[in-house]
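Shared chain: chain A. Partners: chain B in the first complex, chain C in the second.
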Partner chain A sequence: MSIIEVEKLTKYYGKSRGIVDVSFNVEEGEIFGFIGPNGAGKSTTIRLFLSLIYPSSGKARIFGKDCIEFGPEIRQEIGYLPSEVFYYEGMKVIDLLKYSGSFYKKDTTRRMHELAEIMELDLKRRIDDLSYGNKKKVGIVQGLLHQPKLIILDEPTSGLDPLMQQKFFNLIREENKRGATVFFSSHILGEVQKMCSRVAVIKEGSIIKIEEIKTLRNEHYKKVMVTAENSDQLQFDLEGVTNVERDNGTVRFFFKGDINQVTRIISAHDVADLTIEEPTLEEIFMHYYE
Partner chain B sequence: MKFNIYKHEITMYRKSVLTWSLSLAVIIFLFMSMFSSFAKDADVLNQALAQMPPELITAFGMDQVDMASVLGYFGFLFLFCQVCLAIQAANYGFGLVSVEERDLTADFLLAKPVKRTTILTSKLLAALTGLTITNIVVWVSSFSAIESSRAGRPYDTGILLLLLASIAIFQLVFLSLGIVISLLMKRVRSVTTLSMGLAFGMYILSAFGGMLGDDTFDLVTPFKHFDPSAIVGSGSYDLPLVLISIALIVVSITASYWLYLKRNIHSVT
Partner chain C sequence: MNIYFRELKANLKSLLIWSGIVVLFVLVGFSKFSAYEGNPELLAIMDSMPKALVEAMSLKAFNLTTVTGFLGLMFTYFGLILSVAAGMWGTDIITKEERDRTVEFSLTLPVTRGKVITGKLLAAVTHCILLLLVTWGSILLGAANYQTTQEFFDFLSLIIPALGMMQLIFLAIGILLGCAMKHYKRASSITMFILLGMYMASIFSGLNEKLEFLKYVSPFKYFNPAVMLNESRLEWPYLLITAGIIGVCLLGAYFTYQRRDLYI
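On to the complex of A and B.
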């Protein structure tokens, strides 16, 4: 069953582009990565899911129900961790968490204390006085205390130290094992690669790729690096060659296709050095971003 | 209406309501305590007033007021109270939804399983509760300050009640105007600036209207709809003007619900 179904979702802010014709599905129980550079439309998409903003056209369904029409009902089972920290002036951590819990039908007290303990969050402090990272933790606990079926994370780890990030990822994995579906938006590839099974890449408001992490890696892209004395003569006019860079006698490019075509060209020249390797995920994405 | 939001909102208002109410009580008691010595020299004052340019006197609404009478004096003081009440109500109105958007708590609140109309209703009721508490404090202070300072001079309780009863509608006008204006704006930068602007702007319109002898401003500003010197002078409300105020409230509130339902809550970055 699809937990999230997005159909040609489009949002313009006046004339400026938010997202255009975005379509994808997120299946039950998966950790779905949503990746793209800043300003690509990640937050816009999430805000549309939560009906914080309304679409210009297209629609999104969560748990099979329209996001706008059934908003309150759907949100009963969504946990949202916003990217920005927030706080009500003068409020203590415990008061905010209780306030957060009071919106849900379930009793959230026990889970709240468990989560606070895992994230090492002092409940008695005033939120105004907390450091950025600790405020972020408040955001995490308030988003998870009602054990939601869908967890939406918007750049969740910024401001958390590596140890806390680790704890946070473990927490999300546990929630996922318990049955929660996770929508994970980020611009940090490493964490998406670690966490997600499938990923959608968004760029300038449009989805440019939806792929299993595994497939993405094995898409048979090769990174080729050739160094030769007169490298100018090395011309790779082949289909499947992209991102050609030349400097100091070295030619670098990505290649997708029959590698023999490349080696044939290289063998016709006198080369000083040659590397052919798997690109990192990072490089694959940079390739999409450009 | 959802009780948890209402309760939360009330806690957020606590300090502000206390400050406004106490300040108003202090102003009322302080001014009224000067009444007896004031009334003794009333003739001198009335003479001094007669010397001033008539435009200025009209501007301050002192043209038909006898400062030596209890309600004449109180009506003058009441105008100051109105300015304070207007700032407070406009402040709650402008801040009602904009403060949460500014502090990003709107993302928190609107991601919860509640309808936007429920949020607005709960917030509105909380603001009203705060304003009503201030209102009650003004009632109680006015009665006790007048009783303790009137130096045996008589006054018409009915007219005093008229004055005090006008507060609720007066507050509602500024509250609802604040809300609807804030919702017409993409982003409210300073709640204080806007609420002072609205309150003083309306007051100045009312004062200028009086000075210029122009009636058109009278239609716009609640300070004219509930002009204390006119109420004390005539012993009644100017009904058509009061109806304008009520219409302003109804239109603003209706428009606010409509605008809030359609509103895009932007992340501030």
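On to the complex of A and C.
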């Protein structure tokens, strides 16, 4: 069953573009990555899911229900962690979390204490006095305390130290094992690579690719690096060669296709060094970003 | 209910500040009155003042040498203070979510926007009532030093609900602008602009017969202290207009807030 169904979702802010004709599905139990550079429309898409803003056309359904018509009902089962968290001034952490919990039909007290313990969050402090990273922890506890069926994360790790990031990712994985679906928006590809099974790439408001992470990495590109004395003579005029760079006797390029074609050319020359490796997601996506 | 109680608490400081302003204004006002009380010279000064000015400041109807007459003069100013407070609370209670960027928290909770407005509206109404009670109490306190008659208390018992209705009018206008306008910064300044505009309109309506129609526009003319004092009644056409304004503003607030993009 699809947890999120997006159909030709379009949002214009006046004349300026938000997103255009975005369509994709997120299946139950998956961790779905949503990546793209700043301003590509990631947050706009999420805000449409949460009916903070209304679409210009198209629609989004969550748990099979329309996001606008059934907004409050579906939000019972959504946990949302925004990229920057802002809370009411003059409240203690515990009061804010209790206030947040009071909107859900379940009892959230126990889970709230568990999460606070995992994230090492002091419940008695005033929110105004917390550092950016600690506010983020409040956001994490607040977003997860009702054990949501869908977790929506918008650039979740900014402000968290590496240890906390690790704890946070473990927490998300546990929630995922418990059955929660995760929608993970980020521009940090390493994170997405670690966490997600499938990923959609958004650029300038449109989805340009939806793919399994495995497919993206294994089946498509190889990164080839050859060093030779007469490297100028190494000519890779093949279909599937991109991003060729030459400097100091080294040739670097991406290759997509039958690798034997490349090794045949190389074997005809005397080379000093040769590396063929899988590019990182970063390198693959730079390709899309540019 | 959770929204209601949270807003009550969040706005407490503002309530205390406005209560301080009201108490100070009433007590200082009544201490000035000691110079007018039973002073025949004041009546002579009043007679020599230009008629239009007397009319504009609604001084005509009152004998300022009695505490009742003085209260009639002060009514307009109480109305102004309480209206400003109510109008500001109205816009602020809605727009602060966008100003402080808390919408991504408060409106992603499983709650309808309608319920958010209801909780906030009830909290603001509660605070208006509390400020009104403070006003009432300080008037009684301020007048305690002077000779008060039954007439004074009858008058006061009409003034308090009249002030309450003025508060509700501007609270409703404030809430409507807070809900309807996308730019939260403009909402509160426009509320104040409307309020002062209506106050000016109330003055002009007394100055020139051609501008008399303005009395239907300005809530500051809906509750005429002279009528309340001399005829011991509120004028029902204005009560209907008041109810109409409040109803239309609140309907508009629910309607627009549910349909607009929140500013994040």
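Everything that follows uses one rule, which is that the second predicted complex is superposed on the first by the 246 of 290 C-alpha atoms of A that agree within 3 Å, B and C clash if a C-alpha of one lies under 4 Å from a C-alpha of the other, contacts with A are read in each partner's own complex, and residues count from 1 in each chain.
What we mean here is this: a contact is a pair of C-beta atoms (placed from the backbone, for glycine too) under 8 Å apart; a residue touches a chain by one contact, two chains touch by 3 or more.
The structure presented is a predicted model; accordingly, all values stated were derived computationally and were not measured.
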Next item on the list: Check the residue A:80 against both partner chains and state whether it touches chain B (first), chain C (second), both, or neither.
Entry: both
Note to self: Looking at A:260, would you say it contacts chain B, chain C, both, or neither? Reply first, second, both or neither.
What the structure shows: neither
Next item on the list: Scan A:230 for contacts with chain B and chain C and give back first, second, both or neither.
Entry: neither
Notebook entry, point to check: Which of the two partners, first being chain B and second being chain C, lies in contact with A:47: first, second, both, or neither?
Noted result: both
Next item on the list: Using the touch definition from the top, say if A:104 reaches chain B (first), chain C (second), both or neither.
Entry: both
Item checked: Intersection of the chain A residues that touch chain B with those that touch chain C -> 13, 47, 50, 52-54, 71-73, 75-76, 78, 80, 82, 84-89, 99-100, 102-104, 142
Next item on the list: Write out the stretch or stretches of chain A touching chain B in their complex.
Entry: 13, 43, 47, 50-54, 71-76, 78, 80, 82-89, 99-100, 102-104, 142
Next item on the list: Give every residue of chain A touching chain C within the complex, in rising order.
Entry: 13, 47, 50, 52-54, 71-73, 75-76, 78, 80, 82, 84-90, 99-100, 102-104, 142
Note to self: Could you list, by residue number, the parts of chain B that touch chain A in their complex?
What the structure shows: 4, 8, 12, 103-108, 110-115, 262, 264-269
Item checked: Sites on chain C touched by chain A in the complex -> 2, 6, 10, 100-105, 107-112, 259-262, 264
